[in-house]
Amino acid sequence: MLHPSLFLLLSAWLFVVGAVGVLVRRNPLVVFMCVELMLNAGNLALMTFARIHRNMEGQVFTLVVIAVAASEVVVGLALIVAIYKSGRKMDIDELSELRG
Amino acid sequence: MTVGELVGLGLVLPLSGFILNRFLGPENRQLVRLAGPASIALAFVVFGAAALLNGTAGVDQLAYHWAAGGAAIAGQTGFTVPAINVDLYFDPLAAVMTLVITGVGCLIHIYAVGYMDEENDADYSRFFAHMNFFVFSMLLLVLAHNFVILVVGWALVGLSSYLLIGFYTTRESAVAAARKAFVMNVIGDVGIVIASFVALGAVGSLNFDSLLGRAGALPQSTLELVAFFLLVGAVAKSAQFPLHTWLPDAMEGPTPVSALIHAATMVTAGVYLIARFAPLYAHAPIAAGTAQWIGLGTALLAALAATAQNDIKRVLAYSTMSQIGYMFFAVAIGAEVAGIFHLVTHAFFKALLFLAAGNVIHALHGEQDMRRMGGLWRQMPATGFIFLLGALALAGFPPLAGFFSKDEIVGSGFAMGFGHPVGGLVLVLIAALTGYYMLRAFYMTFVSAPSEGSDEAHEPGLGMMVPVLLLATLATTGGLLQPGPWHLLTDFIGGVFGESAPTFDPLAVALTLAAVMVGVGVTYQRYGSGRVEERPPEVLARAFDFDSLYQVAIVGPLWAAGRLLEELLEVPVVIGVASAAGSAAGIAGREVRRLQSGYLRSYAMLFAAAALVAVVAVGVGLR
Amino acid sequence: MSAADLGLVALAIPAGTVMVLLMADAFVGEDSKAALAPIAGLGLVSAIVFAVTSAASGLTDRGGAQTYFNQTLVVDGFSVFFQLLFLGLAVLVLMIAPDYLDRRGIQKGEFYVLLVSALVGMMLLVAAVNLITIFVAIELLSISLYILAAFLRRQEGSQEAGLKYLLIGGFASGFLLYGLALIYGATGSTSVASISRTLPHLGGDNLLFAELGVALLVVGLAFKASAAPFHSWTPDVYQGAPIPVVAFMSVGTKVAAIAVFLRIVSGALAAPAVQPRSALLLGAVSALSMIVGAVGALRQTDLKRMLAYSSIAQAGYLLLAAVASGRQGMVGGLFYLAAYGVMTFGAFGVLSLLGNGDDDGTGIELQRGIGYSRPLLGALLALFMLSLAGLPPTVGFMGKLFVFEAAIGSGYVGLTIIAIISSAIALYYYLRVVAVVYSPTADSEVGRPAPEPWGVSAVAFAGALTLLLGIFPGILYGLAQRASLL
Amino acid sequence: MLTFFFALVFALSATSAVGVVASRRPLYAALSLVVNMLSLALLFILLSGQFLAAAQVIVYAGAVMVLFVFVIALLNPLRDEGPGGDPRQTLIAVLIGAGMVGAAAVAFLGGGLGSEFSSQDSIAGGAQLGSIQAMGSALYRDFALPVEATALVLVVAAVGAVYLSRGK
Amino acid sequence: MTLLILLFLPLVAALAIPRLPVRYLQTVGLLATGIDLLVSLVVLQGAANGAPLSLDYSWAAGAGLNFRLSADGVSSALLALNALVGLMAVLATRVADIKRPHLFMALLLSTQTAIAGALLAQDLVLFFVFYEAVLVPFFILIAVFGEGDRQRSALKLLIFTSAGSLAMLLSILTVYAAGGGGFALGRLTGVHLVGGSLLFGLTAADIAFAGFALAFAIKTPIFPFHGWLADVYTSAPTPVVMILAGMVSKLGPYGFFRVALPLLPDGARDFSPLLMALAAVGIVYGALLALRQQDAKRMVAYLSLSHMCFITLGILSLTPAGISGGVLQMLNHGILITSLFFIVGHFERRLGTRDRANLGGLSSRAPLLTAVFLVLALATLGMPGLNGFVGEYLILLGAYARSWALLLVAAAGVVLAAWYTLRLYQGAMNGPAREADGAAEIGAVESGVLLPLAVLAVAIGVYPAPFLALINDAVGSLVKLMAAG
């Protein structure tokens, strides 16, 4: 049952669901979560490939991604808080002053 | 001095007269009075000397190399830059022409000293400068020995003509007439230019000799083409059908200009040209035939038109056209000497007529309408007599000059040419018309009931009368050059054309004389009794209305074409393409801006869709 | 120390500078944060000295290269070329930034820390020869720039720019990561060298993974290079972010991304089975960028936005060099990258100096007549516009020439035609600015602050380079040849 | 047993992901994400990534998600934010998603399920994949540079977060 | 060194200008262009003696670029014309009337360097660099100092010409790729492009030639690529349009002569009939539109179109006579169109109008202007004895060598030229005086511009031999090459 294909398919599913989430959700927090989902999908693929090839590179990569994703979240949340503090609605569609 | 140097000197004299008058004249009227006629008189003397020294030889005098000519390049097609010299050719034909030009020109200059006296200093000097320049150009034309110099001379006389027709620069009609004359003459210039190309292509040189020397050996089509395009030039310059409409309008110029340029000399350049290229036309029957019919047709058409004109100068203008038609006919059928003979005598009596008319116009302060003249015989008997003399000479009354020259052409018409003796008969008919309209002009001006205002008219001063009298003498005695029993002109220039003594045709003389008598008789019958209220046929008065025809058929369509092009092509398409491209880009720019909605989700959407396309294209589509 | 070691030191110094700045920030009073700029500058200049020494002591296209850290990093002519470019850029930005920050009231120590750490990310990226290093480097520079874009944290525009950049950047990172994972999955290694060895022998699923991986890698990098259709963030972020940041990121991110294209996508990953597909993808992205960038800039009324679109088009030209491949493409690409850096920094630098008070004042119409009121800056702005337009005798022209030359040489005539059409359109909007700059106005003499000596000398330096390298392209061309990987 | 366990985790992961996207409330989305991450940690264990599983739980499910929940609470916990707006947008998004899933299916299942993982899970040096020894030498010998760089990323994030959320 | 002085002196002056007080602007401009004119005569001397000056520096060695200049007969003649036209343009500049005189003068001078560079370049890239560089100062000059819808006009100039030059760039690169190393003109001469019948039966050489042809056809311009012409010429200030029409338009035919024909003789042969036909149509087209124009400046603009088509007709006839005529006519047209635009500008400045309806009867008030204008107008319409005729004669000869139809169409253009030129001249100088008031006579400055040009027009017309001799070698070698290839 432990077919690599299934793991990869799951990772693809997670990726796609995350991507679709970015496309449809308007709350920046949720969008963020969706991005995390996509990164996690990448991680799952990396872990699967590491298992296939039986080397540590994929695992190290995954660890790095986890750290990086955490950093991104920290920055993103700080930014969202900053925006919230300046009194704007939590809707990315509101963030469309810059356009054209 | 050699003949060549004399010729060069003779050419330069009028040019220096031009320069003197143009640059020093405006401040010094006295200088203009002197330098204007004197430069021409001196030139006449110089050319006389040259003619005497030269005899019947042909002399080529090189002035300088105009263009060195490109080196021939192996294997190339097309033409190199041809070698072109500024050189002058003086032979009996040129001698006759130069003497007529400078001789008659000198007399007219002298006349103009008085005639133009009312002009202010600037205009006075301008007039003489341009007259001198005309003489220079005309001399260059007849002395040319290759096509390029011919074109230069040809165009420069056109320019002088333009300048002098438009002498009264503030008069709208004069300005328009000048432009018309110029543009139609440019058509002629272009014709000669094209002729020169064909010649260059055929013989590799622009020199007349290399073409004429091999005229018999060249393909027929080449000869016809050269002859045809030369004919275009000749027709334009000599105001022959269909490029004739500028000449009547050209009468807007001062009368001495009409006398010199539009009667005696420039307009006969076409005749000279065909004579100069006689060997060519001898081998180009189609072109020669065309020339012949053009001459005949113009002679008839102009004579008919002349019968219905009321402006005295216009009568003379149509008459000039008609007489040049005679000359065309003559040179086209191979009677070159007869043509040149008529050219010479015509220069005398037509200049005389114009100057006489000038006297009248001068006396009436610019009035040119014969219906408002009449009865001037009383105030101006001398002018009247001289006008009558000129009219009769033109009509061909013996023993005046026109009698001999015209008879020689009519006789040739019976004897030679295309469609003889029809040509001769038409010429006889025209002679009758000539007699009619010239006497009509005389009657209307001098005899019929006087109109008001003509009382103050008086004979001009001596300065104007002397040249008129000299011309009258020439018009009377000019026939003595070639009266039949002896033939000085043929002896002199016949060698150029290989012609021997002219044939004397009594029948032609008799017919012509009779015809003239009929014409004169009709005039006497109609006008002898005094003022006649006449209504000449409109179509004749307007000379068959070629002006309107050209306006409708050529000028109008050109303007319409210009307008159509501007409105349908230039503005919307040629210029519009930039705006169209600009607005297309602008629209695209707007679309891109619209896509850039500012909504993050749509950015991500675009991103994801593009990524999907990329993945599918790479992974699946290209398998 | 070998030449490569010197290059490694040049890379290490900025990383150390980050730490120094962090500490210095703690000791410097709120009112004198501008003092951090010279500190950072000192560090970077010393790094430049090392990099120059490294380049001068025999590090060329053919020799002297060395890998470090178990083959995750390489110091070669290529990387040192870019180190120099980035270091120079950062120093110039440090020259214009303090005054701008003062004007906008954001003179904070964090700015310098983040600027230098983004620089480290860029320098790491061009030297990275391992997929993990590549990813970390990209994230390092990205996260630094997300924050810098939002550095005017009280300004709505800047906030919006930062958040948009961050969200769509994370989205793109997802694609990039997945691509890298697939490449790793196909080859079993994250080392570029070993991938490059394995790739030609792949077949079946693994080849497919590799191809899809490369496709996603291209997508992720194209995002960083702001190439269409992954460009959407660019105008918004450029408009909202502080100008010195834009000057830095517009050059740095794009140049670094293109460098990865040159080294990795068109270089190491250009196995026969993969190369045609990645070239097709790159070609399509390049063509789209050239068109979208040129067309999008047409109707802009704000210079920053216009330059953003123009940078999209420039990305297209740069990718053209990557598509062209081969030595000529590489050298032409390197030349144009440097040219792009100089002129783009210059353009944004002038804008940064022209701003006043609490508004950037970057509307095109606002520049009317500055050719007279601020002759030097006006002339420089005009010069940078001409250079971006690719008109001689500027470096922009030479860059385009070499890139197009390479593209034609490799047979990409169609792409070159698109590039040329795009250039033609671009002339319109660049020269429009020039005309505005020199349009006489009634009151163009008033209301401008005094010039700032450091900033002005920075853009003047860029201007001098723009002209000098345009007139004597041989200098830069020689450097590019030495830096070429092929 | 293992198969059942695997199937359960698999299903949990797939559905919790959908929960993240489909939850109308951010808090539910966050909780779904926690479930998802935990399920992934379990899968990591199946893939011989014990260390990573731990990291996943600690960093993601622990720190990151706490942060999320904290911010949600700070902002507006009850705010309802279903997938809304333009239904066309959603439709296109779903279509794109379907396309991607299709592409992935073709790529990953094109050749059938294929063989299972080999039972061998020792790496080249002899150590077991994901073992602490292997991890240690990989992190601190082979990939020291990216790991150090990651440290710099974390520093940057800290500095940035402090700057952005700081009061004045 | 002489060439470098010739090339860069105006640019150096232009760079010095921003620092000058306004009252020295014109003096410096005159000095720079005047000295440049003298230097150009030295260069001309060299070419006339069969020892053309040239130089060759390595520019960007690795990239195959060389800074290679040479001034053969054709180049040096046009260089002298450039310096002359530049001098006249500076002379025609009214510093006091211009809002930003420094910028104006600096740009005006910098055009000199750009044009001279294009005329001197012997390296394709160098040629392109200078050719493109010409555009920038003109864009600013028109966009900033022009009249009417000046920004639009400037953009038109930009869009049209840059579209052309980018096409040329493509061709340059194609030729370079086929040539295998270096951009030197001499090396790439007659380069062989592989690829027959790529597109609609066109060969690679044809397509490359088309790129060049498009650029030069737009620059010249010839019909139907002249969409920018009327608006741009009308918008440009007098000194600017003098250089633009007098010199810049020459870069088109010069480009054919120097670049397109020698590099791609096969393409030239294939395209020659089409281009000749377009040129012939353009002659008549320009003439018909010139006839209609009410604005004297627009009229001169279309007149220029017609004449430039003549030049193109000659050069594309690929015959020695036609090419010689075309090249000579470049000089003639440069002299004449410069003076005509100056005269129109003079009307506008003195009388406040250039609407032909308001002009008339100036001859009595301005005898000197009348005389000079007459000479120039006559030369323009191709009066034999003046310079325009010499070129036209040879061009028509070249056309005749190729086709009767072309000859006749072009000849019709000659007749129309007489018509519209006289409309222009007579409309202003003759007829009854109109309301436009003011002292129309030319003063010292205007005479300084017009008299030398008129004297040149007469001199070339009366004694063209030295001018033809000057260009003979260059034309000869081109024709030899075309014949061989």
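Labels A, B, C, D and E are assigned to the chains in the order they are written; within every chain, residues are numbered from 1.
Quick note on the criterion: contacts are C-beta pairs under 8 Å (C-beta built on N, C-alpha and C of every residue); 3 or more make two chains touch, one makes a residue touch a chain.
Because the structure is a prediction, the values reported are computed rather than measured.
In terms of the stated touch criterion, the partners common to chain C and chain E are B, listed by label. Common neighbours of chain A and chain C, by the contact definition above: B, D. Chain centres here are C-alpha means, and the one lying farthest from chain B is D.
For the pairs C-D and A-D, the count of C-beta pairs in contact is higher at A-D.
Comparing chain C-alpha centroids with the centroid of the full set of protein C-alpha atoms picks out E as the closest.
Averaged C-alpha coordinates put the centre of chain A at 95 Å from the centre of chain B. One inter-chain figure worth recording: chain B and chain C are separated by 77 Å, centre to centre, where each centre is the mean of the chain's CA atoms. For this pair, chain A with chain E, the centres built from the Cα atoms lie 64 Å apart. Distance between chain B and chain E, defined via averaged C-alpha coordinates, is recorded as 36 Å.
Across the assembly, chain E contributes 155, 159 as residues in contact with two or more other chains.
In chain C, the positions touching at least two other chains are 132, 135-136, 139, 143, 146-147, 150, 153, 162, 164, 167, 171, 175, 208, 212, 235-236, 300, 428.
Multi-chain contact residues of chain D (touching two or more other chains): 85, 89, 92-93, 96, 100, 107, 114, 142-143, 146, 150, 153, 156-157, 160, 162-164.
Pairs of chains meeting the touch criterion: A-B, A-C, A-D, B-C, B-D, B-E, C-D, C-E. Residues 331, 371-372, 375, 386, 391-393, 397-398, 401-402, 404-405, 408-409, 413, 416-417, 420-421, 423-424, 427-428, 431-432, 434-435, 438-440, 472-474, 477-478, 481 of chain C are the ones touching chain E in the complex. Of all residues in chain A, only 8, 15, 18-19, 22, 28, 31-32, 35, 38-39, 41-42, 45-46, 48-49, 52-53, 55, 57-58, 60-61, 64-65, 68, 71-72, 75-76, 79-80, 82-83, 86, 88, 92, 95-100 touch chain C in the complex they form. Per the touch definition, chain B reaches chain A in the complex via residues 593, 596-601, 604-605, 608.
Remark: chain B residues 22, 26, 64-68, 70-71, 73-82, 122, 148, 151-152, 154-156, 159, 166, 169-170, 172, 175, 178-179, 182-183, 186-187, 189-190, 193-194, 197-198, 200-201, 558-559, 561-563, 565-566, 569-570, 573-578, 581-582 touch chain E in the complex. For chain D in complex with chain B, the residues that touch the partner chain are 85, 89, 92-93, 96, 99-100, 103, 106-107.
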